[in-house]
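Each remark here refers to the structure printed beneath this line.
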Amino acid sequence: MNGDIRNLKFCYIGGGSRNWAWVFMKDLCFEKEIGGTIFLYDIDMEAARANETLGNRLMEAHNPGQFTFTAESSLHKALEGSDFVFISILPGDFEEMAVDVHAPEQYGIYQSVGDTVGPGGLNRALRTVPLFQEIAAAVKAWAPDAWVLNYTNPMSVCTRTLYEVFPRIKAFGCCHEVFGTQDLLIKMLAWEGLVQEGEVTRSGLTTEVAGINHFTWITAASWKNIDLFPHYQKFAEAFGECGFKAAGGNWFNSYFSSGERVKFDLFKRYGLIAAAGDRHLAEFCPSSWYLKNPAWAEGWQFSLTPVSWRIAQREELREKSRAYRGGAAIPPPETSGEEGIRQIKALLGLGNLVTNVNLPNTAQFPLFPAGAVVETNAFFSRDSVRPLVSGGLPNPLRNLVLQHVWNQEEIVRAAVARDLEAAFRVFLNDPQLRGLDRDRAGDLFKEMTAKTLPPALGYKMPWRNQ
Amino acid sequence: MNGDIRNLKFCYIGGGSRNWAWVFMKDLCFEKEIGGTIFLYDIDMEAARANETLGNRLMEAHNPGQFTFTAESSLHKALEGSDFVFISILPGDFEEMAVDVHAPEQYGIYQSVGDTVGPGGLNRALRTVPLFQEIAAAVKAWAPDAWVLNYTNPMSVCTRTLYEVFPRIKAFGCCHEVFGTQDLLIKMLAWEGLVQEGEVTRSGLTTEVAGINHFTWITAASWKNIDLFPHYQKFAEAFGECGFKAAGGNWFNSYFSSGERVKFDLFKRYGLIAAAGDRHLAEFCPSSWYLKNPAWAEGWQFSLTPVSWRIAQREELREKSRAYRGGAAIPPPETSGEEGIRQIKALLGLGNLVTNVNLPNTAQFPLFPAGAVVETNAFFSRDSVRPLVSGGLPNPLRNLVLQHVWNQEEIVRAAVARDLEAAFRVFLNDPQLRGLDRDRAGDLFKEMTAKTLPPALGYKMPWRNQ
Amino acid sequence: MNGDIRNLKFCYIGGGSRNWAWVFMKDLCFEKEIGGTIFLYDIDMEAARANETLGNRLMEAHNPGQFTFTAESSLHKALEGSDFVFISILPGDFEEMAVDVHAPEQYGIYQSVGDTVGPGGLNRALRTVPLFQEIAAAVKAWAPDAWVLNYTNPMSVCTRTLYEVFPRIKAFGCCHEVFGTQDLLIKMLAWEGLVQEGEVTRSGLTTEVAGINHFTWITAASWKNIDLFPHYQKFAEAFGECGFKAAGGNWFNSYFSSGERVKFDLFKRYGLIAAAGDRHLAEFCPSSWYLKNPAWAEGWQFSLTPVSWRIAQREELREKSRAYRGGAAIPPPETSGEEGIRQIKALLGLGNLVTNVNLPNTAQFPLFPAGAVVETNAFFSRDSVRPLVSGGLPNPLRNLVLQHVWNQEEIVRAAVARDLEAAFRVFLNDPQLRGLDRDRAGDLFKEMTAKTLPPALGYKMPWRNQ
Amino acid sequence: MNGDIRNLKFCYIGGGSRNWAWVFMKDLCFEKEIGGTIFLYDIDMEAARANETLGNRLMEAHNPGQFTFTAESSLHKALEGSDFVFISILPGDFEEMAVDVHAPEQYGIYQSVGDTVGPGGLNRALRTVPLFQEIAAAVKAWAPDAWVLNYTNPMSVCTRTLYEVFPRIKAFGCCHEVFGTQDLLIKMLAWEGLVQEGEVTRSGLTTEVAGINHFTWITAASWKNIDLFPHYQKFAEAFGECGFKAAGGNWFNSYFSSGERVKFDLFKRYGLIAAAGDRHLAEFCPSSWYLKNPAWAEGWQFSLTPVSWRIAQREELREKSRAYRGGAAIPPPETSGEEGIRQIKALLGLGNLVTNVNLPNTAQFPLFPAGAVVETNAFFSRDSVRPLVSGGLPNPLRNLVLQHVWNQEEIVRAAVARDLEAAFRVFLNDPQLRGLDRDRAGDLFKEMTAKTLPPALGYKMPWRNQ
C-alpha cells in the first residue's frame, strides 16, 4: 500500500457491466490524483471488450494518461497483484431473476424487487453464494492483500460469503440506498425553507446508521447544529397520507421512485428513519403490511419492478454499447455521487472519510451475532476501515431486523454446504412466506430451485426431474 | 441456610390457590426429612384460611408434626425471614382472562391458551408485571436471602420482573410442561415394546433442554445407553398424520391433551423434540401454521381452552374447598411428580439434582441476550442453582424462538415503564398478530387494555373513556 | 443541544486551576463561533475569583463579548442547566501527593509520576473516587444532559466513577499524552528529511489508538499514503541506546521530557508504539524493567518527578495569579494544541472530528471487560461520541494492559464500597508491588491510607490510631 | 455410541506408561458392566508390550473375559474406530525435564514442579504442542467421534491444542489435584470431630470449582446441609502458621505432600479454597510470595521435586515392569479414586455424573476468553459433557489467573506457528520471570530451547549452534 498511487492495478469482476461500470468510468474522468490500469474480467468477454473501448475513449477525451482499461479473460491474470478489486456481477441471467420475482406471484406473494430477501432474494442467494465462493478463493490465491469492494446483491449474503471462505479478506459492501434517504433529508430542508435547492449536499449532513443492507436505519441526523429528527417528524406527518412528490420525479413514472409512504409509516411505527427505497423496505416486513397485492402496493405509492422491464433496458444498453464500440458519440462525463473513488482514495491515505458500509459485525452492532454482515458507519483511512460502534436499534425494531440477519447467516451456511433442506427452513422463516402452508411453500421452493439452480452448482435436487 | 431443616419457614404467595397449593399439600404428606411452617398469603383470605384448614387436616392424617399451615394476611409477616417463597397467583380474574383469550377472536385470532404469548399473553403480562414488581420489592425488603420458586404465568415475564427489580434475588421458575414430553418419550418406549408400562420413570431418562418456557426443546435424549432420537423419528412418522392416542386419555376429552401432531410436525420441520403441550407450542408459531381457526386446530388435534370452562372448574373447586373446611372427607395424599420438593431439598443440601428450570441467561444459552429468562437444565445443590451450558438451538429454530425472547424482554421493560406505546410495538411483532392491519391491531390493543388494566396499575390510557 | 451556540453555559469544576484553566482561557481567545458564560467552581474560591478576573481580562483584550467568566461558590448553581462541564481538580493537596509518591521509596519502590497506577496511583484513587461520586450525583441532579469533559487523574478511575454513579452520563476523559507521541512522529519525519520542521501538524497524521490512559498504544500510523511503522522501526533502532534528544528540550532539564528510550524498548518488545511519556509508561511495567531505582531510571533517560518541585511550581503560579488579579500584565493568548474546544464544537455540530478519548468500553476494545474505561479513537459529531472499533492489542501486550484494567475496575468498586480490604488486594496485584512481601506491603498500605484519607471520606481504618 | 458396551475399543496413547496405565489397569479389575479391547500405543514398544502382559495377567486373575490388552505399534490401527482414547505421554524424556526444572535455578528461579507454568512449563509446552498437533490430526482422521481423555501436562495447553487442530473433537482433560483438596476437606471434618475417619468420601461432598488446571479454586463447598467455608476459615487459622500434618503422610517425607500453608495463605488473601497441591499453586504466583529460594519454600512447607528423583523412580518401575513380564507376582488390584472409568460409563449412558474437568471455555467461565481451556464442573451423560455455568472468580483473583490464561493461549499459538519470538514474549510475561532482566531472560530462554527442542520439531533457532 505504499506503492505508486499513479500506477495502481484494479480488477473489475463483472467488467462487462453496463450499469455500475459506466457510472464508474464517468466518475473516473474527473480523478487526477491517482492512476493505473483497470482489468475488466467478465464471463461475457464481448461486453468486457466493449467496455474497454468505451473506457479508453472516455479517458482519451477527458482525462488522458490517467487510467487504462484492459479486457482480460483470465481471472488469475486480472486479479494477480491487484490493489483494488470491484465485484459487480449479475448472478445468472434475467431469466432466473424472472423466476425469483414472478414465480411466487402464483402463490400470492408479490415482490417489489426480489433480490435481497423473500423468496426471490433467498433463491438468488442460492445461486450467488457458489460464485462468491469461487471469487473469494481466487482473491485468496492471487490478491490476498487487495481491498475488495462488492456491489452485487444480495449484498449481505455476498459479502458474508467472501469472509466465510477467506476470513482475512479486506472486503466491504457498497450500496447507495442510504444516500437516497440523505437526499430526501435535504429535500425536506428545502421544503421547510431552511435551505435553497442545491445549497446542501449529502456530505454536509451527519447521519448515524445501523441496520442491514436495504433495511438500514438512520438513528441520528443533523445538519450543522440542527437535529433533523423533529423536522422529519413534521415532514412524515405532512406527507404520511398523501405521499411526497419530489420535484425531479414521480413515483408512478419510475420503478425506483416512490411516495415515501412506507418510510413515513415505519417512522410512525418505530421512530427512526428507514434509509432505503420503499420498494426495498417493504420486502423486509410481513406481506400484510405493504405487499398484500399489487393494488395495495400502489396505495402505498411504490412499484413492483417487472423483470420484463429489466430485459428491455438491457437490450437498450446493449445497443448503446455496440454503438460506442462502433464509434458513436460517447456519453458525457459526470459525477455520480457514488463513493467508490473517495473510499479508494481514503484507503490510499488521500483523505480520511466516514461513511456507511457493509462489514461483518466485529463489535459495531451490539446484540447482533458476530460475523453477520451489517451496515453501519465506518472510518476509512490508509489501509484501514474501522467501523464505529453504533447505538444499535431499539428492541422491537432490532427484533424485526434480527430475524433477517439470522436468515442471512443460515442461507449462506446452507448454500456453502449445498444443503437445500436447510435452505428451505430459512425460506419458511422469511416474513413474506410465513403465511403460506408448509406444502405450498415446498412446491414453490421446488419450482424456483429447479428452474434456476444449474446442476453444475452441485445442489442435490431429487425434484428436478419430476 | 445452615439453619434447622426441621424448622423451616415457607411463604406461599397465592396461598389460597386450589390447584398448585393442593398438589403441593398432597406431596408434603410424604416428606419426612424436612419440616416447618407454611404461611399462606392471599388477597383472598377466605381461600387462604380454607387451605390452612385443609393443609393441617392432611398433615394430621398423614404426616403429623411435620408441617403447619398458617393463613397470614400481612405479606410482610408472611415473608419475613422465610427460607423459601412460592409464587402461584392468578393475575386479575377469569373475567380478564376471558378478554385475553376471546377478544382477539373477533379479529380472527384464535388462541389455545392465551397466557404466554400472542395478544392474550402480552396483555396478561401488562397486568402481571406490576404485581411482580411489588412482590420482588417485598422479597428484597423482608426475605432477601430466600429462594423464590415462581409458578405463575407468563413464566418468563414474571421471573424476569423479579430480577429486574431485585437483581440479587435467588429466584427460578418451575413448569411441568417438559415433564409431559418426557412422559411421552416413555410411552414411546412402551409402544416400541422396549419397556413395560411403568417400568421407567421420568428420572430414568436424560434429556438436554434449551428454549423458553412453553416453547422448550429437547436437543438430546437418552435412556440408559440408548439414543432416543432415532426412535422418536420413527414414532413421529408413525403418528404424524393420525395423531397419537395415549392409553390414559384422549385429546378431544380434555383441553390439556392432544394428538401430539403439532409436536410431530415441528420435529419434521426442525429435527428437535418440542417439549410442551401442543396447545402451548401452537401459539408461538405463525397463526397460519396451526391456529388459522378452530377447525384447523381440531385438524391438528388440540383444543382451544375456553375460559368458561376455567370458570366452571373454579366453582367446582370452591365448592370442594368449602366442604373440606366444613369437615367433609379430605382427598387422599398422592405424589404428583412435580419437582418443587426435590428442588427445595437439593437447595438444603439433601441430594443434588439436575432438572430444567427458568433462569435469566447468564451464559447457558449461547447467542441469546444476557438476562432474558430461558429454560435449560440446571444443577441444584446446597444453596446453589447452576445452569448447564446448553448447546443452544440451530439457526432457523433459534430465530423462531429469539423473536419471542426479545418480545418478552421488551414487554417487561414496557410494563415496568407503564409505556403502552412501547407495549403496542411488541404486540405488532408477535407472530399471531403479524397478519393484522396496523389499525385493526390498534383497535384490539385498545379494547383489551381498556377492559383489563385497572387504573390503579398506573398505565395512561387516553382511550379508556372513549 | 439545538440551543443558542453563542449563549452556552459552561461549568468548570476546579475552576481555580492555574494549569488547565489558564491553557483553556488562552485557547478561548481565538474562538469566534461559539460563546457563553463559564462558571468557575472551586473549593478554593480565592483561586476561582482570581481566574474570573484573569479570564475576563483576557477576553476583553483579545475576544471581547464572546465569553464571560464568573466564579460561583454553589456547585448547584454552577452546574444547573450547563451545556458542558469540565472537571479538572486536584484530589487532596500536594502533601497527600508527597505520600503517594515518596512513602513507597522507603520500601524500595520508585515512581516517576505516582498518579495513575502503582502505590501512588491506587492511593490517589481511594481519595478521588469519593469526590467523583459527589460530582456525578450533582451532574445527575442538575445537568443530566450536559457533556462532561474530565481532565483529572487517575483518568480511567475518575471517568469510570462518573459512569458507575450515573450510567447515562455523557462523559469522556481527555488527555494530551497521545498528542506528545504524535509530535514525536513528526520529529521523526523531520529527522528523516521527509518534511521540514513545522510542515506537518498532528492533525495531518492518522493514528489508530488502543489502550488505557497513560498506557496507550498506536497500532497503525500514517502520513498521507506513507505507513509510518517501517520508519519508526529505523528510528527506534537509531536512538534505542543513546536516546533521542529533541531540538527544543532535553530530558534532564525537564521532568516531563525523556530520551524516549522506554518507548523504543517497548517497541522492541511488542512491535507497537507506546503513546505516552516514558515516565508514565514505566510505571505500568514490572519495576525491574525501568524503575529499579533512581539511577536505573536515569540510565533509561527519564526523571522521577519530586513533589517538592510541584509545590515550588504551585507557589510560583499562585504568585502570578495574585499579580494578574492585582493588575499586572496578563499573559499573551496562545493556542495549546489541546482538543477541548474542537471537541465541544464538534458536539455542537460545528465540524466532525476523530480523536482519541477515554470512554467506557461498549465494544471498541475486543476482549476487554465491558464498562472499563479505555482509550481509543472516537468520532465526534453533533451531540454524539461514537468510539471506533479498534483492533485491540496482540496477546502478550493485552495481557500486560489487562491486569491494570481489572485493577482499575476493582479499585473503583473497592473505593465506592469504602472497602480497604478489597483495595489492598488490588495493591498486591500491581506490578510495582509484586516484589514486596505481603507484610511489608501491608505496612506501606496502612501508612499511605492513614496519612492521606481523611475520616470524612468514610473509610474504616483501625490502624489510623496505631 | 449405541454400540455394544461389552465390546468397546479403547486406544491408549502412551500405553507403555508405568504410572497412569497401572492405576487404570488396577481400577479395571473391578469393572463388570463394560468390556472390550485396549490398544496400547507407545513410541517405546517394549514398555507397551510389558503393559500388555501385565494388563492381561491382571484381567485373568481378577476380571476374566472383561478386557483384553494389545500392544500396537501403528497409531492408525490403534486409533481407528475407537470409542475412547486416552492420552498420557511424557513429552521428551527426563533429561529435557531436568532442563525445564533446573536450568532456571542458575538464574535464581526455583520451581517446585516445573511442568505447568513458569520457565519449565512454558518450555515443556513448546515441545508438547507439536506432539498434540499430531495426535489431534490422527484422531480427526481415524477416530473423529471418539471421546478423548487427556492426562498429559501441561494440561490446559495440551487440551487446547487438540481443539485448535480439530475443533469438533470430543476431548477433555482429567486431573486429580482437586480430589486431593476434597480429601483435605474430609480430614478437616474429622479434625473437627464432625465425622469419623473414612465415614465420608469425596463423592459425599459438593464443591463448586472454577479456575485453570493446577490453579483451580473451590468457590463453594458443602457436606449435607453444612456450608464448609466457615469450617475452613477456622481450619486455616489453626494451621496457617504451623502447617497441617496429615495422619497418613508428612510433607518432608514426600515430594507430593505439604503442610498446606500456601493453600491457607491464599485463603487469607482471597477468601477461596485453592484446589491443588501447594507445589503447583506456588508456581502460579509471583516468585517473591512462596518460591524466593529453597529455604523459603521449606519455610512454607513444600518441596522442590528434583528430576533426579523422577529418574530414580523410573528405574525402579522399569525393573518392576520387567519382573512382571518375566512372571513375577503382579500387584494386587485396587481402586484409585480416579474418575476415568466413571466418566466413561457416564458417557455410555450408565450413570450421570457431575465432576470437574478441563474444557474450552464456551460460556462456563464468565469474563474469560472463549476457547481457552478452563477447569470447572461439568455434567456427564450419554455422549455428552456439559459444563456448568460457574460463578467465575472475584476480580483480584481472576486477574491473577487471567494472566496465565492469556499466556497459555499465546504459547499454544506461538508453538503451533513455531514462532519462538512470540514464545519469548510469553516467557517475559510469566510472573516467575518478571523479575529477570530482559537480557538474562533471553539467555535462559535460548539455553532452555536449544537444549530441549530437537530440530525435527521445526523451530528456527539461530542460537542453537552458538
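For reference, chains read A, B, C and D in written order, and residue numbers begin at 1 within each chain.
Just so it is clear, contacts are C-beta pairs under 8 Å (C-beta built on N, C-alpha and C of every residue); 3 or more make two chains touch, one makes a residue touch a chain.
Note that the structure is a prediction, hence the values are computed from the model and not measured.
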{"item": "Co-neighbours of subunit C and subunit A - touch as defined", "value": "none"}
{"item": "Distance-maximising chain from subunit D - centres being C-alpha averages", "value": "A"}
{"item": "Computed distance of Cα centres, subunit D from subunit A, in Å", "value": "54"}
{"item": "Averaged-CA centre spacing for the pair subunit B and subunit A, given as whole angstrom", "value": "46"}
{"item": "Interface hub residues of subunit D, defined as touching at least two other chains", "value": "none"}
{"item": "All pairs of touching chains, each written as two labels joined by a dash", "value": "A-B, A-C, B-D, C-D"}
{"item": "Interfacial residue positions of subunit A with respect to subunit B in the complex", "value": "265, 269-270, 286, 288-289, 367, 369, 395-396, 398-400, 402-403, 406-407, 409-410, 413, 422, 425-426, 428-429, 431, 434-438"}
{"item": "Residues of subunit D that touch subunit B when the two form their complex", "value": "1-2, 5, 206, 208, 220, 222-227, 348-350, 352, 354, 362-364, 366, 377, 379, 381-384, 386-391"}
